[in-house]
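In what follows, chain A forms one complex with chain B and a second complex with chain C.
So, the complex of A and B:
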């Protein structure tokens, strides 16, 4: 299952090594270049970093299992936006008017249900039609975004519920609510992928679909479940984020799919499927967020971030190819 | 359950499905609103599709060669911003070739990474999407770019004027489509593109220099993107940094709608043009029928999946996927 232990170890550890390098670099460079007198590795700064990583991070965890499965999901940004609209709008529906704060779990439930249904739809289409996930979810990205705009036009959807805001801004043991959700999701998905039959089968399907079919694994349902999980996580990400901000623009979440895929690939998950790890993805998410914050800290323009992340992504791809010849396999789409 | 084996009619429908669907749409919209077939309306639709269309032509080459190009959107923003900026600094005559040179350099870089270094095109162009966006923002400092003297410049000729009664963007689109279509269908290079996309290993063993073919495809794509940027800049004479954001996926949607397989080796310029026109006419038709603007996205979603589904159903002879 794990050929090339040295290269595997290098790749597994690489993202954490990269994070340490980033921390050292920005701490040292910050001493000379930073405009603020606060240290970069300030505790509050790091706690904020975790919190800000959460929206992309929660989706990236889901993207990891879909990519391990040999698929991809480009519709997560649109799912994110649509769930946010459902969350904020449902709290203002007249039928829930008498419930007071009892509306919160209902709104959360509706939003999460939306994400899961959209994911299930993607999964069902991939399963039943045999059209590649790249195309199915590319179409869905347009379609779901269209639904967001049809819902409320170009107006933002806004509703602030202070109980919810307090919940989202709360800190428990120093960590923000969003961070706890990121940790919980990572732990749960790690468990699913490493300790359950579904996880084993997902790896097997991504590694060699034909072999998996011959081994009697039902490929379709597993793929559909993974799409449901990523849909659920995209809406969970929206629920956590918009509980606090209380206002969603119809454009929100655009290009999230690209950020998420960048984080997952930085974490070492293969586009070809069959390999990857949830924890490394978490590393990829943190690395990107550190880069963003760090570049801001040393006074670089925010626009430099895009440039640097793009170049790092290509460099990682190149290094990965050199380290592991398996990377020469072409993308299966 | 539908019968699993497609009949002869079904196969024909599936093979030429995109043309049939196009015809049905045109008929439907014509019945729903008589202004749909108005020549002015048709010209307007093609004209507004031209920018997307020009980009789709280049991406068709890349997709047929078995790769992807997700960087065309941000590269188009880059081209637009650069040509607008240089217009006021060194004049339009020099600005246009300079812009093309820069964009071709970017295309060459991607071509080098994907062709010669054999890196995964999806990730490379994803990285370039981000990197070029950063480059654009650094270049412009995040500000919008505007031409100072909007009345007195001949630069607007590409995007705004008519020649022989036809808007110039349409002429450029048609010219580029003809040239690239001929290059793909009638030249040895075009054959090589299909060969490399159909089976890269076999192409290599047949003596085709795979890397060079892929490299050239990305150059062609970059040239088309430069042209699209030129059209966009000339049409609006001012631009935001994000003018092309998200276009990469719409362009890809048009190419897929035209029937090009993401596996490479199939697709034609003509079909891509049809795909572009379908997207344009759906948008226009739905508006004329009275649906809101954003309904087109939902319809596009359904059409893309149906189109690709029918295509592969025809190839495997079964409607439903064999996946258990």
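So, the complex of A and C:
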């Protein structure tokens, strides 16, 4: 075996091993602690878990590629909320009144367009000004949230379309619509990152920007494309979620950026860029959702859940660091 | 001087690295009140010797004696406590802090409750600054000072301890002539106070101006000590280079073709001025000079990384403007950068992906990357350049330096460039791979590539080049053909001896 293969294997498989551990722990602990008679690994319970993972999961897939690229996007929660407002409000606009259910694809299109445009704006600013993505999207986070409040004040924006609700609640092969979206997005982005030129160059830019420039790669456009993808995915997440719920509060999506980053980091993507995988991110998303559900199952309250997730995140990153340090014997200078 | 005790003595120092004997029984001493030059080519062992002295490396054999007391150096801090002070070429100052805070960093005078005794701090600092006769005071922010004055702050730091020996490592690299005069005054002052000074420099002019004796290292061996007043450049050069190299090897035995690249009066701010040269197909042009002479900057300008402030670049006789590296690559110019890991490779990627990085956008099958075509390219250049790797999946970060460099070269060869620029082709590469890379460069020329080699190693430049451009301080001093070049005239050209003194 090549040196380093074992630690690579451990790191790649770690998140899935962690999920298995969670399942075993909660199943056993549930026997003694749970108030209900239902087993933790109940099929319906698991299907619901996938569905509930979708909103954060879809955005996390986008965050993975932005972070592989060496950037970060803190504005996804606000983008999520603004796209939801556009989705629900546009269905009530008088010009679309005669369309009936024909308004649905238009509203979807408008919402997705919103996300993509906001992402493009982030990307353009990062590209052209050279300001760090953290700062740019921190500003965007505040600004886009401001737009949400300007739109409807403190009032929720609501519109329930029953055709949409039916679509969102539908199950195909047992899996909910939202789950299918999560799977499709993961698959599509996996192909982009592993099989296309854009993906290859995004990894290269994140790993060593200077070397990428020296290889003639134009860094700016690739970064902008990734910001457009995450903007699109933030609004797709909103579209999937609010098609069913039908009402958006101006505060919705707050702290989503942090939950998303938590999932991505838990999945092993490096904050410094150059390394990461969308499949592991999916694992990170599921691990967090399992933890929430499992702790709920054995009777813990929300505050405890957050504390535990925080501790686990730090423990995982510490472990990752230890694994990375091993086998790297450099000359002390 | 002989009946005095040396300020600092190194005896029989041996330091080995895997496969290299970097220092082989080197002895060296400096007397109190003496300026002692340490000379040698790059790689001769000067820096290693200084790192041993500074406690950064531990020698396998030999002793360090300060005054009459043998010491074991374990860290730079300890060396300073023993009175051995280094003035490095690179400054290490906190730019946002004042001069006084920098000078006493880590040892600020304190009052009760850990408060800083500012009064005492400024008084002490002003005393030292007065000794150095500088034009700034203790409260000036270091970031507001010129580079020369920042260097003065470093020197002032050295004066806070009772220094027995001060080591200057290429101190004049970033100084103007006026600033050099100030520095030399300071050295005279230290000398008058009985401090022993080790002065490392390539610049003959300075060596003759301020040093008393000169010791020469070559290939990790001590080669002798000369008294400055009784020697000349030729004798020093002879000691530094040793045996005469076989110069016949560098003559081309194949047809030299048309001019591929011509540069006319190219300038870039203060980095280099009025650079004119040409490179023909089938020819290797070597650029030789000291670090900071502007060679790498010329390469970066030709590759579109810097915008020239004047002059022309002609490719195949056509004037052209190079906007970016992507543009340079499209026009057939390739650069193998000097920092292989930092600028040339994506260390977290495998060999194949690194090799095909610049052309991956041309290797498509529908929307996807044509991995088969990539593997074919990798296999072709692995065989051609004899790259030793278990397979294309191997991460490039796990390869040896020589094989990494071959990956970078292969990357550009697979793009079929017209002009190949190689900056420091063998830096950090073991001896065996070195000669392989040299042969490869010669072979590329014979296949009709126009090649520019930038190197700080004289044997390398002499070995691979058909012509050699000698640079000093941003200017071309002279272009040598392989018939006219000798080590002596090359060393003199890059040390600024034949140049005018206006720089």
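Assume the second predicted complex is superposed on the first by the 320 of 333 C-alpha atoms of A that agree within 3 Å, B and C clash if a C-alpha of one lies under 4 Å from a C-alpha of the other, contacts with A are read in each partner's own complex, and residues count from 1 in each chain.
Methods note: a contact is a pair of C-beta atoms (placed from the backbone, for glycine too) under 8 Å apart; a residue touches a chain by one contact, two chains touch by 3 or more.
Here the structure is a predicted model, which means the values were calculated and not measured.
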Simultaneous placement of chain C and chain B on chain A, clash or fit: fit
Per-residue touch tally on chain A - higher for chain B or for chain C: B
Touching partner for A:74 - first (chain B), second (chain C), both, neither: first
Touched partner set for A:82, first chain B, second chain C, both or neither: neither
Touched partner set for A:301, first chain B, second chain C, both or neither: first
First (chain B), second (chain C), both or neither touched by A:213: both
Touching partner for A:132 - first (chain B), second (chain C), both, neither: first
Partner chain(s) touched by A:274 [first = chain B, second = chain C, both, neither]: second
Partner chain in contact with A:262 - chain B first, chain C second, else both or neither: first
Chain B versus chain C as contact partner of A:61, first or second or both or neither: neither
Touching partner for A:103 - first (chain B), second (chain C), both, neither: neither
Superposed arrangement, angle subtended at the Cα centre of chain A by chain B and chain C, nearest 10 degrees: 70
Nearest Cα pair across chain B and chain C, whole Å: 5
Contact residues common to both interfaces of chain A (with chain B and with chain C): 213, 218, 333
Residues of chain A touching chain C in the complex: 2-4, 191, 195-197, 200-201, 203-204, 207-208, 210-218, 274-275, 333
Chain A-touching residues of chain C, taken from the complex the two chains share: 56, 303, 305, 324-326, 328-330, 335, 337, 342-349, 353, 357-358, 360-361, 364, 367-369, 390, 394, 398, 411
Interface residues, chain A side, partner chain B - complex: 74, 125, 127-132, 134-136, 138-147, 149-150, 153, 213, 218-220, 223, 254-255, 258, 261-262, 265, 271, 301, 303-314, 317-318, 321, 327-328, 330-331, 333
Footprint of chain A on chain B - complex, ascending: 66, 68, 70, 113, 117-124, 126-135, 137-138, 142, 200, 245-246, 249-250, 252-253, 256, 262-263, 292-298, 300-302, 304-305, 308-309, 312-313, 316, 320-324
